[in-house]
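One chain, chain A, links the two complexes that follow: it is found with chain B in the first and with chain C in the second.
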Partner chain A sequence: MIPLSYYLILSATLFAIGTAGVFMRRNLITILLSIEIMLNAVNLSFVAFGRAAGDLDGQIITFFVMTVAAAEAAVGLALVIALFRHKESLNPDAFTSLKW
Partner chain B sequence: MPETFAFYMFAAIAVGASVLVIGQRNPMYSVLLLIASFGALSGLYIQLDAPFVAVAQIIIYAGAIMVLFLFVVMLLNAPREDAAEWDRTHPLRQPGVTRWGTLLAGLLIVQLAMALGKMSELGAPVAGRSDAATTGSVTELGRSLFTRHTFAFEATSILILVAMIGATVLARREDQ
Partner chain C sequence: MLALIPLFPFLGFVVNATMGRRLPKAMSGGLASIVMLGSFVVSVVSVWQLVGIAPEARASLAPQVVYTWIESGDLKVDLGFRLDQLSAVMILVVTGIGSLIHIYSTAYMHDETDSEFARYFSYLNLFAAFMLVLVLGSNFPVLFVGWEGVGLCSYLLIGFWYKKKSANDAGKKAFVVNRIGDYAFILGMLAIFTQFGTLDFQAVAAAVAALPVETGFGILSITTLLLFIGATGKSAQIPLFTWLPDAMEGPTPVSALIHAATMVTAGVYMIGRNAVLFSHAPATMLMVAIIGALTALMAGTIGLVQNDIKRVLAYSTVSQLGYMFLAMGMGAFGAGIFHLYTHAFFKALLFLGSGAVIHALHGEQDIRNMGGLRKELPITYRTFLIGAIAIAGIPPLAGFFSKDEILFETFAHGHWILYTIGAITALLTAIYMFRLVFLTFWGDRQTSDASHRHALDDSHRHKSVPSHGHGAGSHLHDAPPAMALVLIVLAIGSVAAGWIGVPHVLGGHNELHAWLQPAFEAPARAGAEVAAAGEAGGEATAEANLELTLIGVSTVIAVLGILIAFRVWVKRRVIAERFAATYPGLYKLLLNKYYVDELYDAVVVQPIKVVSTEGLWRGFDVKLIDGAVNGVGAIVDASATTLRRLQTGSVRTYAGSLFVGVIVILGYYLWR
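Let's look at the complex of A and B:
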């Protein structure tokens, strides 16, 4: 059987990869994808903890995280489309002015 | 031990695909690789006796959210990241800075692993204390969702509605 700590270390690794992606990439879509990686890492630790504790609350909060992720992706991508229309760029450094 | 082998295989696919996601310059490849990562995570959920979460992971993440991302990547005809000259000469694009970021991410992993090492009873098998019939049951999951967590469930539907209206308003053309 696999110990709980293996799942938690895997979750920590995925979270660190997502964090690195947010800081290293200069593309709004890839940054949003890195945020999805981080949300999934947290989901994995929720399900692993829920399995170890023997109740269903870990799985239920995973559904709520998924719902928030879907809402975040929809609004975030709409913002990306609106930003791209103004500047023709996906680089976050291109959006430095407060008004256009 | 087929179970241990499956865990290492899924973990390797998840980590490898995630590393490749943030290593790509082309967002199209990133989105497709992230689907592979989500598929591997879905396998891990099955190992954790959470079959409904595994199926929801495939349907919601790989099926809905990633299709939304793919749609936007194709709609924008997104340029490659280093297409512009001022982008290539950006100070954050220098290799030293990228290596520094990688080092910081590695330190984050080490720190989290050390914090985990201080906790007791982590070496016990994850499924040691409960039976799979309780945590794997979709019936129990639905009952808990619609009784104990009814308010959160209903609040979620309002969140989805607000997100839908917000996305429609934000992505609308302004001259209409």
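Let's look at the complex of A and C:
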């Protein structure tokens, strides 16, 4: 049986990749994808903990996360389209007018 | 029942203050006079009932409590009214003279608009109501309500013509100077409460009576001295007398009300009310007598040279109040109250008479611009003359008996210096009063050179009336019926008021003295003292001879004063001018009232102004308070200028800080 720590290391690695993507990419679509990777990294650790603990709580909360993630993707993409129509750009650094 | 006495004028005040502007003058003035007369009737009935009670029981009547006003721990204060011999005299004076002044005012103030007229009468009624509360109150706090109330009303009435700056200033001055005295009075009340645990007059008197008379300068002396300082403010004695002459800015009937019936008598009354307390502090009593005598002398000398008809009368009031305090300080409380009572008649008469003169001359107040009014204002002249004779102390008019009793008591107590001062003041009184009579009513009209004099003496502020408006040939109107009636009633009073206090040596019984005496004793012992006084009555004939001698001296002094005035201001007017020219320093000193106002200005007003302007305003307020407020603003502004750089608008910066924040919090919990 694969020990719990393997899942957790994989989960942390995926999370780090997602975080790096959020900060380093210059494209809003890619950033959204990176956020999805982070969410799924968390899902993986939930399921792994659930399995290790021997109950279904981890899997139930994962379903919630996936539902929220679907909604988030819908809202996020709609925002991205609206932003693109506004500025003809997908670079997040183009949208800095909301400041002091 | 007693509560009705102040309640009537108070209702008059409420009606006139709320609905007065819609009422015609006859209604508002009539209402104000009627409530005062109603109050007078209730007073007479109350006093009549008091007369019906056995003499021993009069002084110890229980107060009529309306309700309990304050109850807190040891302190219990009732809104209670008590009528005893002293307040009986006071309410008769206040309501009687007050009613006459109200009636007089209906004619005097007739030129005002309806709303001003009603405002005037509402103040007048309120004034009387507070004064009645003052004299009827059965304990210190109730007295203090009236005490403060008359202070407020004096401010309102002195500044009645509020569009005139000098009237406004005079009103404020009266109020502020009174506050100084009131502050000491409050301290005195607190001292009494801490020592005796009660503020009821009878209870305090009973508690004090059990104590020995204080020999040195102890706590009783301090307490009474504080109360006396309060009295000097209200009753215009040194050092707080300066407001009273300025109070002449108000309408003339107001001056009469303040000087005769209300306000200034409060201080004398208060000392009489606490006679037992004051008697136990000889140090204070001596102080009261000295201050009284000095005030009498000082005001008398100032009165000699003033040229404003009302100011002469104002200084005369200060001087006569000095007499009253001299009597109080001598322990002759009955004599002091007697003088208060006779003074109310002739001073009201003199003020209202001067009001009639001013009314006839359309606002002229400078006696140098008068003269010869004897033939044109016969009623005013005759009544004014009676008032002047009464105050000068010619027997058998009112002023003679009361003033003489004071002088006799002073001499009998062995204070011959104070007696001399009093006698000199009596001489001065006769001189300045008859100077006023001669300059105003005798000789010829002085209007022709009025403008010339006015130009010479531009420091003197009187209403400049165009002299052609009432030239020497024009006809003047004597007092209208309402005013004339009041003058005649007061003139009768000025003649006859003294007859209830005729001393034994002149064949009288001094009823007033016997009536008042129990009110000045401790309640428990009152009966015994009266009996003792009765036994002592048939004592030394030597004292009777002394009294007769002093009566003779007083009469001679008064006649002498009138003769001097006659010689200086009727026969040879040059004497006065030559005297002024020979001693210019003295003349200027008196004309400028010993520079007391200037002294107070330099010693008190200016330093306070400097401290307030430079220290409190420019220093404390601008630098410290404003500095702190503005400093807080500046700090917020500066830090915000820096911190707002954090809001970049870039989503990734926010995400970064979020991330770092999570790491830090997680790290803290993992490694702590």
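By definition in this document, the second predicted complex is superposed on the first by the 97 of 100 C-alpha atoms of A that agree within 3 Å, B and C clash if a C-alpha of one lies under 4 Å from a C-alpha of the other, contacts with A are read in each partner's own complex, and residues count from 1 in each chain.
By our rule, a contact is a pair of C-beta atoms (placed from the backbone, for glycine too) under 8 Å apart; a residue touches a chain by one contact, two chains touch by 3 or more.
Source: prediction; values computed, not measured.
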What is the contact status of A:93 with respect to chain B (first) and chain C (second): first, second, both, or neither?
both
Residues of chain A touched: more by chain B or chain C?
B
Considering only the touch criterion stated at the top, classify A:23 as touching first (chain B), second (chain C), both, or neither.
both
Who does A:12 touch here: chain B (first), chain C (second), both, or neither?
first
Could you tell me which stretches of chain A are touched by chain B in one complex and by chain C in the other?
19, 23, 93
What residues of chain A sit close enough to touch chain B in their complex?
1-10, 12-21, 23-27, 29-30, 32-34, 36-37, 40, 43-44, 47-48, 50-57, 59-60, 62-64, 66-75, 77-82, 84-85, 89-91, 93
Complex contact set, residues of chain B against chain A
3-4, 7, 11, 14-15, 18-19, 21-22, 24-25, 27, 30-31, 34, 37-38, 41, 44-45, 47-50, 52-53, 56-57, 60-61, 64-65, 68-69, 72-73, 75-76, 78-79, 81, 84, 87, 90, 92-93, 98, 101-102, 104-106, 108-109, 112-113, 116-117, 119, 122-131, 134-135, 140-141, 144-145, 149, 152, 156, 159-160, 162-164, 166-171, 173
For the chain C and chain A complex, residues of the former touching the latter:
644-645, 647-652, 655-656, 659
Within their complex, chain A touches chain C through residues 19, 22-23, 92-93, 95-100
